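What follows are several structures.
The same chain A turns up in both complexes below, where it pairs with chain B and then with chain C.
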Partner chain A sequence: MAGLELRRTGGLSADSFFRRITGTGLIILVVALAGLVVAFVGYSNPLWTIQSPIDFLTSSTWSTGTINENGEIVDALYGALGAIFGTVATSLIAVLFAAPIGILAAIFLVEFAPPRLAAPLTFIVELIAAIPSVVFGLWAAGDLSNRLRDTIEWWIASSFGRFIPFLSEDPESPAADSVFRAGFLLAIMILPMVVAVSREFIRSVPISLREGYIGMGATKWEVIRDVILPTARIGLIGGVLLALGRAIGETIAVTMVIGNAEGVPSSLFQPGQTVASKIASNIGEASGPVAIGAMAALGLSLFLITTVISLVVRVLVRRFAVTGGRS
Partner chain B sequence: MAAEKHKAENTTAGAKDELAQASARPAAQAAQRASASEGDGGRLTLENVSARYGTFRAVKDVTLAVRPKSVTALIGPSGCGKSTLIRTINRMHETLPGATVSGSIALDGVDLYSSDVDPVRARRVVGMVFQKPNPFPTMSISENVSSGLRLTGGASKSEIAGIVEDSLRRAALWDEVKDKLNQPGTSLSGGQQQRLCIARTIAVKPRVVLMDEPCSALDPVATLKIEELIRDLAAEYTIVIVTHNMQQASRVSDETAFFSMDDDRAGYLVETGPTAEMFTNPKQALTEGYIQGRFG
Partner chain C sequence: MSMPEASIAKLLTQPTSGERARQRTNRVMRVLVGVAAFLAILPLVALILFVLLKAVPFLVPSFFFNNPLDQEPGILNAIVGSLQLSGLTVLISGPIGIAGGVYLSEFASPRVVAIGETAIDVMLGVPSIVAGVVAYLILVPVLGFSGWAAVAALSILTLPIMMRSTQEVLRLVPQAIREASLALGVPVWKTALYVSVRTALPGILTGVILAFSRALGETAPLLMTARGTNAENWLDFSTTMNAMPIVIYQYSNAASDLLIGQAWATALILMVIALTINVLVRGRTVNSRTA
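Entry: the complex of A and B
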């Protein structure tokens, strides 16, 4: 036994060193998030001296007010309802189109595309993801917007516009910009993300499960419906949520096509604005602590929207996971 | 011993004749042991079956007759194509990209590879239990068992419930799961999961049950349970089992087919015969060597 040296050596072991390094990364993240929230609450404070957060969330009037003879701002009201409506509407439209199309495309890539085709198709999807937003915005503002107006938008408006609120359009003079077109553009922009994430999760469904069901006498479609999609569902929901986050925050492309109109539009086929596009188009003119405070409040409301959606989805996912997704 | 070995080597030349006899031999025994329900069928006849992955031939010219309602074990060293062969019987092999099969496999006189056979329907009469237990994680225990029935359709809810219970009883799992039929199949232990997969396979009343090393992921106690189950099921189903474990082959099977690998790495059938005979008095030196643990 002599010569067998097993005592601890002094100093920091590699494990605890590594734990500290990784822990530091997380601490930086948490501190950054806390700092951001604290700063925004601070910036927005001057706004709450002239109006309540309830007014901010429920009013659709955005007025910087006038300056009276004493040099005070009067009649100012900052209501973000129109922008919040626009953000929720555009991102839901985006997900409504991008989620099914993206998941179907991912199914095709994994389950049906021959390997020779799958690789270039995947590359194309990644290419779309790499296109800068401003390029999408230019495309939409230049050409896509009119095409959408004359095709999908016109079809929806003429088919459902009479029965469903928010879907009507005056066929004589359709608006030059619309919330719907911004949402559709967002759908195209988030599609690569939905495809990429869905593809990974569909691919990760073990072959043993696929073969198990094929062995039971299932067709390929039945395998996809009963085994692959249910098994991958949490990942698919996660991918869509991630894409939704991108849609909610997307700024420049939306600003270029949504029309930047105040208030809650009477129809999705009318111009509107989103929280992000409102910040982008108003920040240049914002002067004075109250106006800056209003911008910060918009930022906080954007944060609030993503938090609420994340929590709702989280609850839904947990429900799904418990019941097993069936029954 | 040396003389015996010499003799065995001599007979290698007549391997073809052996094979021809091998398929005739079990017939006599089958008559002896014939169960009352022989009429339900389950006779498999493999003729010159070859299986390829792309250009690589993994299984070469296997001709083998599988007696109905018996257990046939496929044994042999790793890579000799026994798993590939078993996957040709339920047309699972061809689901892999580039995988092809030639030759013919007849089930009760119907060629499973005939152009008018739907592989999806073929898989409902030739069930399969896999190496790793693979209950569907999003389905409950009872949904796992009824999954095949729901695919076929036509059964009422009460019929399905009856078949689920019956199948779980036959798989010797009912008493352990009857109070938690709605829990996920993946909540069970490995051995229970594998019995669940067996229950799920027999729920659709196949004629043949293929088992691809069904115990290789299980502990000895769970293995023993599955082996007992295999013996019970042989009264009703034709069972073909791939196993690495020679003791297992000798414990559960009526017939044993020994496979080996050629110089071109293609698996071929060395010999087949009643299990007792194969393990005590194999005709081929190669079989003897493998069974005595000299290679493999």
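Entry: the complex of A and C
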């Protein structure tokens, strides 16, 4: 930006050379992105020769088929409904817990915590984001999962399980793994992201808006409820969406606790699978263009959904920047 | 003071029932947000304590110097594998990412900036398994399970991180410094390199280190590409390599308590490395910002 005008007058070849070299970096990124799209579309194509995308999205049967007397594969059907259900369920459970706790924690860090406390607390929350997901998975599989089963899960199942079919569980023999526990683990993993983004947007609310309302006699909570939350709303939604995207794509930790069972589970407290965990646990066995195509189709769905989320967040955040939150 | 004035004063200072309710809500909410903050840091404390508890009995010095099939088992090959994979990843994605970031900050027109930033946003949101699948589909049939395929997948993931962080820190360099340099007749490319990049260098390197740390913890893409091995592999990226996340994942499914214990010990080592890098880097950034 600094050089735009000068480049025209003093346009030396060294300048345009450097410009091209650095521009190549950006081109590589864009080409890599385009390459991802082309690869997924190309590799998933064989699948659509034997079934429609509607079957892929609405069937919960995942069958590689049988080989008939002519050596052809027949009766193969790749329905991802079970995996899609698991992804939706786990990521919604994650957001359900992480969004309120994360936003409230961010409010505490910005509005209530004394500076001496706020700095280390913020630091600690950010450290959670630095822990590799396989470590979260190991911890959950070895400890957290059982604790959740005996506390929150047991409580929900015994309180609501009789009225709500998806929340039932046999108290005598709870399942070894469950969709709910995977979702709760995801909540912990995306929490730092919710806190970090919420904190930035809450901090960016102009001090004059707060002071005006305090001057009218509002309590601290009233300032938060009536001024800060409405002003930062778009940014908070953006942060939760970003965290949702992270939860949808998280693979290894989920694979370690969800149980990797086929089909749509009868209850959230039964084992299941997500799109990502299905890829991780099935891709090694996939052979032949159609089976590989089914894996590529799973990858393509993950890529499409996270891309949509990234673009929506981008639009939201840009709108926030333009209007300063007052939309 | 006459009576009416006193009662007016009393009315003004004594809280009404509505006022008391508002104050009560305020107090309740203050406690509630404090509890939320406590809940937000609780998992970190629980996780660290539990990993320590499980890992320490298995953390003997030989664990760092032996390979999985040795008499006294260890994870030397996973440590060197992780360092090599992450190291080569930042050696590839670092220069490309920094170049792209410099271009976006110093040269690109607003339209190119908008397109580039959108592409970075999309790439940042790509789940790591997606990068793994692409490497598995395209590279593994050609190269086999190999370090190269793993480095390709990790580079797809770290490239946007590098580019974004470079662009962000270059944005912090005051425009006046660039203008001063240009006014002295310094060419644009030298200004970009010796003024902008030089000023932002600590921040750019921070981005490189954080990308390294990110690559170190990735698991899913490695399982499909580098695959893991019991052998020690120095710099042969054309064949399978071991890595700490692979060891944690594979051993966690094992039936033997000894292997599960080694998974915990490896998790502790990986976690300590990741947290140390982050503490050092973030501590540094905070210091340089306040100084």
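As a working rule, the second predicted complex is superposed on the first by the 269 of 327 C-alpha atoms of A that agree within 3 Å, B and C clash if a C-alpha of one lies under 4 Å from a C-alpha of the other, contacts with A are read in each partner's own complex, and residues count from 1 in each chain.
We adopt the following convention: a residue touches a chain if its C-beta (ideal position, glycine included) is under 8 Å from a C-beta of that chain, and two chains touch if they have at least 3 such contacts.
In this text, all values refer to a predicted model and were calculated from it rather than measured experimentally.
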First (chain B), second (chain C), both or neither touched by A:Glu250: second
Partner chain in contact with A:Leu209 - chain B first, chain C second, else both or neither: first
Touched partner set for A:Gly239, first chain B, second chain C, both or neither: neither
Comparing the two partners chain B and chain C, which touches a greater set of residues in chain A: C
First (chain B), second (chain C), both or neither touched by A:Gly259: neither
Contacts of A:Pro230 with chain B and chain C, given as first, second, both or neither: first
Partner chain(s) touched by A:Gly82 [first = chain B, second = chain C, both, neither]: neither
Partner chain(s) touched by A:Thr219 [first = chain B, second = chain C, both, neither]: both
Shared contact residues on chain A - chain B and chain C: 219, 222
Contacting residues of chain A [partner chain C, same complex]: 1-4, 6-7, 10, 12, 14-15, 17-19, 21-26, 28-30, 32-33, 35-36, 39-40, 43, 100-102, 104-105, 107-109, 111-113, 121, 123-128, 130-139, 141-144, 188, 191-192, 195, 219-222, 224, 242, 245, 248-252, 255-256, 276, 279-280, 283-284, 292, 295-296, 298-299, 302-303, 306-307, 309-311, 313-314
Chain A contact footprint on chain C (complex, rising order): 22-23, 25-26, 29-30, 32-34, 36-37, 39-41, 43-44, 46-47, 50-51, 54, 95-109, 112, 115-130, 133-134, 136-138, 156, 159-160, 163, 175, 178-179, 182, 187-189, 191-193, 213, 216-220, 223-224, 245, 248-249, 252, 260, 263-264, 267, 270-271, 274-275, 277-279, 282
Of chain B, residues touching chain A in the complex: 90, 92, 95, 97, 120-121, 123-124, 127-128, 130, 132, 134-140, 143, 147-148, 151-152, 184, 197, 200-201, 204
Chain A residues within the chain B interface of the complex: 114-115, 206, 208-209, 211-219, 222, 226-227, 230-231, 233, 324-327
